[in-house]
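Heads up, the next two complexes both have subunit A, just with different partners, subunit B and then subunit C.
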Partner chain A sequence: MQLDEFISNFADLFDDTDASEITASTNYRELEEWSSLIALSVIAMVDDEYDVTLKGNDITGCTTVEDLFNLVQSKA
Partner chain B sequence: MAFLEIKNVRIAGISAGVPQIVLKNDSSSVLSKEYDAAAFVELTGVAERRYSRELTTSDLCFAAAEKLISDLRWEKDDIEAIIFVSQTPDYVLPATSCIMQDRLGLNKECYALDISLGCSGWVYGLNDVASLVTNGMIKKALLMVGDAKARARIPNSKGDPLFGHAGTVTALEYDEGNKGFKFHFGTDGSGYDAIITPAGGSRNPVTPQAFDKYEIDGKEYCDLQSRMKGMDVFAFGITTAPKSIKKLAKHYEFDYLDADYYVFHQANMKMNNQIVKKLKLAPEKVPSCMLHFGNTSSASIPLTIVTQLRGKFENKPTKFICCGFGVGLSWGTVAFESDERIVISELVEVEDPS
Partner chain C sequence: MNYNPFSLNGKTILVTGASSGIGQTTAIECSKMGATLVITGRNAERLQETFTKLESNNGDHQQVVADLVTDEGVNTLISSLKKIDGVVLCAGRGCTLPFQFASREKFDEIFNINFFSQTEVLRLLYKKKILNKEASVVIIDSIGGTKRYSNGNSIYGASKAALLSIMKFCAREFAPRKVRVNCLCPGMVETPLLHKGSLTEEQLQADVDRYPLKRYGRPEDIAYSAIYLLSDASSWVTGHDLVIDGGCSI
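Let's turn to the complex of A and B:
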């Protein structure tokens, strides 16, 4: 599982946020476009791509994209 | 492994009742600081829903039952069992199914039972009614399933814009030699608070404090209103429903892709789209009624059959796979084949009592 690929999959879920704005250290919940709808897309993407089921607390408990990547990796 | 196979029973017919009143999900009804009405409709797939401040679930089921019994030309005296599945019964006690025996004018030689389940309720109820009928001791029975008017009246609330009211009736009868139904069931009570109405039961009785308002994610609630951990329910739905269908197919050694129709509980469109994608189903085989009726809890599967499939399948044997999942957490999947004698009643629209 690659961090770069995860960031790219993560950035694809946003419509109005440029992919260049999303890096490993991005605090995703502070992005202007972040919403509960995008959170559902993250859960769906992680389920599709990594066969891991994230819960609400996982999404709200992580800060950066890399934190989330590490969590997914630990559950994979 | 909760697998069950119940033979010698057929679905004779299905009907559904909804309030006549349509509420549109526009800016006056979608109250969230986070997104507007258009975004709500896009995410949930609910543009409008049926709603009544007067009609109970049993009122809607009663209207649907009268219609179906008449369409089937059944004698009321021949109906020997009713199971009523709902989380919005008429009273705290007695059981609504007892009231329905009398209201429908059924014989007193009648087995009547209430079951408290939501989204998975039609599949559970189907199993329980089919189990009563399978040995031919009881030949005709009704399954009433749905949710409508809430138990608590909260000032200025038109309910959650996601949910619509509906009461359905599924008629089952003994049919020797019929292949019947194959079921898979599951439960995960550790998620009991993923969808919950905290007060009004005996764990947290109704007290004046139960009406106190507080905010969750930008929306006002009191303890008598239900609330949902949206992300957890979403994650549960997209994983559990496909797994349950695959388990059932594996256990009974059939290809789930061979079914004619897949009727799922419809909780929100994004969740259902994800389930369809994971199972690689052809979208035209997966009807949905939530655009016009909302999330109708346990009624969603029979309401979808009545409103989306009526006139399309009754003339030939048709393979169905249906899956309900949600509050509990609870889930159930059923596979069955309908026959060319099945009766699907026209949707019954019920007026508010004046």
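Let's turn to the complex of A and C:
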């Protein structure tokens, strides 16, 4: 599982946020476009791409995109 | 004083999805109202748990372990039934997925349990005349997909909208035998189905705050309405969807 690929999949879920704004250290919940619908999309994307089931609390428990990547990797 | 227009004395009631949640509570409450129960569910252990909680009232209760998604499961259930006076179709599961992730595979998974398994049971109950004349059919629907359209709830909601439509058709088509068909449309009810975790506790609390009566439903809230629709008290009510949602859809 590659961090770059994860970031790209993650950035794909946004419409108005440029992919360049999303890096490993981005605090995703502070992004202007962040919403509960995108949170649900992250859960669905991780299930589709990595076959890992995240919970809503996992999304709020992580801060950066890399934190989330590490969590997904630990559950894979 | 024995006056009780809501009594289920002498009635045999089938409850699907009886191994947990709304189905389990409905089965137990119906037995307390004097009904003889036939309960069905997939999980033998949990179904047995429901079975032991049924009020005995000299009723000859029956349990049938069956997975209604399969033809075999439906046949097992149907072939074990004699005559019934009412059915509560409770089997179902939730699914939270934004529409762009709502693949055909996911649709099939949810529709097979929430819609196709229930309609096939209902069809056979009527065709094989297992439902007595003047029987009552109660379908557990939802405000999700019929009154309220929350993010990520499209597959579940569409399955419930489909059930609502079938209810109306059956209410007309079953009327010659005086069989009544109605839906209950609950808001969020505290059941195992609710706590699958795709929402955080904060999001759930924010959702509760949207209910004028400031709480989610309890399985009993739904069971009591099922009792009303199963009883002779509602003998002129058919084709109706009864919203039970703490005021959420106002």
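Operating definition for what follows: the second predicted complex is superposed on the first by the 76 of 76 C-alpha atoms of A that agree within 3 Å, B and C clash if a C-alpha of one lies under 4 Å from a C-alpha of the other, contacts with A are read in each partner's own complex, and residues count from 1 in each chain.
Just so we're on the same page, a residue touches a chain if its C-beta (ideal position, glycine included) is under 8 Å from a C-beta of that chain, and two chains touch if they have at least 3 such contacts.
All figures in this text were calculated on a predicted structure; none of them were measured in a lab.
Judged by the touch definition given at the top, the superposed model places A:Leu37 against both subunit B and subunit C. In the superposition on chain A, no contact is made by A:Asn27 with either subunit B or subunit C.
Legend: residue contacts after superposition of the two complexes on their common chain; A:Gly56 is shown touching both subunit B and subunit C.
Residue overlap on subunit A between the subunit B contacts of one complex and the subunit C contacts of the other covers 36-37, 40-41, 43-44, 47-48, 55-56, 59. Interface residues of subunit A facing subunit B in the complex, by the touch rule stated above, are 35-37, 39-41, 43-44, 47-48, 53-56, 59. Residue ranges on subunit C touching subunit A, taken from their complex, read 96-98, 100-101, 151-152, 197-203. Put simply, subunit B touches subunit A in their complex at residues 34-35, 39, 43, 217, 229-232, 234-235, 238-239, 270-271, 274, 277-278. In the complex of the two chains, the subunit A residues touching subunit C come out as 36-37, 40-41, 43-45, 47-48, 55-57, 59-60.
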